[in-house]
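Labels for the chains are A, B, C and D, by order of writing; each one numbers its residues from 1.
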């Protein structure tokens, strides 16, 4: 039987995810900037703070946290030359037909609907902001998984804003009427999980 | 440009979805029963009312509402013989390699993570409860899309309970400690969208 | 039991798909042009004829044929005002959060791996060639589903060439060494199905 | 720029995949047995040798080979206690809400269409044959990723047979008319890639 005492608490996973991103040089602000750039054309009154909150909200999802932990682990192991061959060489060279990096990232993108999937594809091809800097092929460390994971978080947070924007529209509001801290009210209450 | 005055209000879509299910003979209770059967082995204190609330929560998602509207429309058009050939015959006979029925249903299943996808696959093969009764091959109308959509709603609602159950566990609670109306607290507040 | 006499023959489905695309103003050459534009930067010696053959190969897939038949049917029904409300209005206005159009298209994109998924996302956002001309918002008929389906075919055909290109590389060849008619040798023999 | 000299040859990846499965105690025959059990009710004349050939065909796919290499690497690292915390504990205990194991497996399942996805879900829940023996919770090593990957290969190979079966039907044949070595004729010719 499954031993419940062995379950890692959500808070531990959330904190580890946060630390892993920082360790790999990615701040939540970096991701929020991509979200802002994606959504500002469609959303009057949108501010960086709304985007940042959306990124934080998205990062509360278990599946995304797990995906980030796995991806960064593989990047770091590859950097240290600790994967077995031929996987070591495949990850190290970030080759285009590998596919597992996109697959892991897509897993969490799906949870924000098809609009998130197309945005992910767009970011993956056009590599904006921090995603571009992480490009493994540039030679500063291995980020074969991380660049896709960052694109995944950004695409999900942008999709979230697109949906929220419609909700506002329907009540005759825009993001100008929303305090940054109120973008995702559902995350503020005990027992809520998105 | 996109004409915003033409946007259909969320409430209209939600209500149309509800009416379409009723018209096709599927009650939320029918779906909740499948959810209960799936989750009771793992969740002490789980009641039908928790499952029913989870089904209602899942049905608030835009993508799922749209999928249901499209699927039921195609079923009804096929019943009335109004699709063009050869699509009419393919839908009418609910053939196994069609695939579009599962694809549409999967779109919304994805939004509840990989546990929802595997549960959907299980339901699709083992057809429990109302899903079995809807089987087009039994000859009582065309439900080629609807049986998959019902499996999709049930799988999503079950996945939601699995996640919620973990949250409860972490705070030392079980479903016994949760009032049925409190299963999805995040849906109770203004501006929240899951 | 499933009545085998009712099964529509593959050839009928394939022919209907071809006719539906022509009826809606999309030629295989239009799609091949998008593929060419996507792949020429990476493939020395690639010609339009290779791309055209790849498009034809992709269109032999059952799931993609079914997706195209369903999508075009819904576009045409919407054009004729024959869908029930509110679906009629949603499809007619091609609204961004609908999602079912991308979902149906994604179903077949998946069959060509994650590289096809990201390419699809890219095409969906950047709308090149015929995809742009099909934009429902331009007012020449309803193509809410068709633009995504064309992006799906193009993304799949491009992914196919990317994989084939690697195979050539490994045997020390480029597309210059491949007769257009030999791009997909596996489709040339009896009983083969990709 | 991407250094082509660093690309790992397909044959090396294919061989490494084969060796990894053997090292972890999974034979192609084990997987073929699951396929046989899934498909025999629908296919007159189907033999184990047809199933084995379908498994081999599926394993020729790059994305699936990569997925298997990544998954087994993570299983083995976890067994050796070499993953960092909390990932080590999550993988070691194979917890139900992890999700990355199913996500990686699903990536390749998708390439065989929606029928493969539902079959995968069915196998994941009902754990037949070798999948059951691999269950990490039984305490004989860590197979958190491998059980899902085996389900993925089996589901894909079964979907392949379902499609092939339809092709046979349309030419008035059954599997009785097919030599085991002719199940996937498209894999027999130079330059073919499925």
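Here, a contact is a pair of C-beta atoms (placed from the backbone, for glycine too) under 8 Å apart; a residue touches a chain by one contact, two chains touch by 3 or more.
A quick note: this is a predicted structure, and the numbers were derived from the prediction, not measured.
At the interface between subunit A and subunit D, over half of the residue numbers appear on both sides, which makes the contact a same-residue one.
Across A-B and B-C, the chain pair carrying more C-beta contacts is B-C.
Rounded to whole angstrom, the centroid-to-centroid distance between subunit B and subunit C, based on C-alpha atoms, equals 28 Å. Among all residues of subunit C, those that touch two or more other chains are 7, 62-63, 96-97, 99, 103, 106-107, 113-114, 163, 166.
Contacts from subunit A toward subunit B in the complex involve residues 4, 7, 9-10, 62-63, 107, 110-114, 163-164, 166-167, 169-170, 178, 182, 184-187, 189-194. Note for the complex: subunit D touches subunit A at residues 1-3, 6-8, 12-13, 16, 62-63, 66-67, 69-70, 73-74, 77, 82-87, 89-90, 92-100, 103-104, 106-107, 137.
Those residues of subunit A that touch subunit C in the shared complex are 96-97, 99, 102-103, 106, 113-115, 117-122, 124-126, 162-163, 166.
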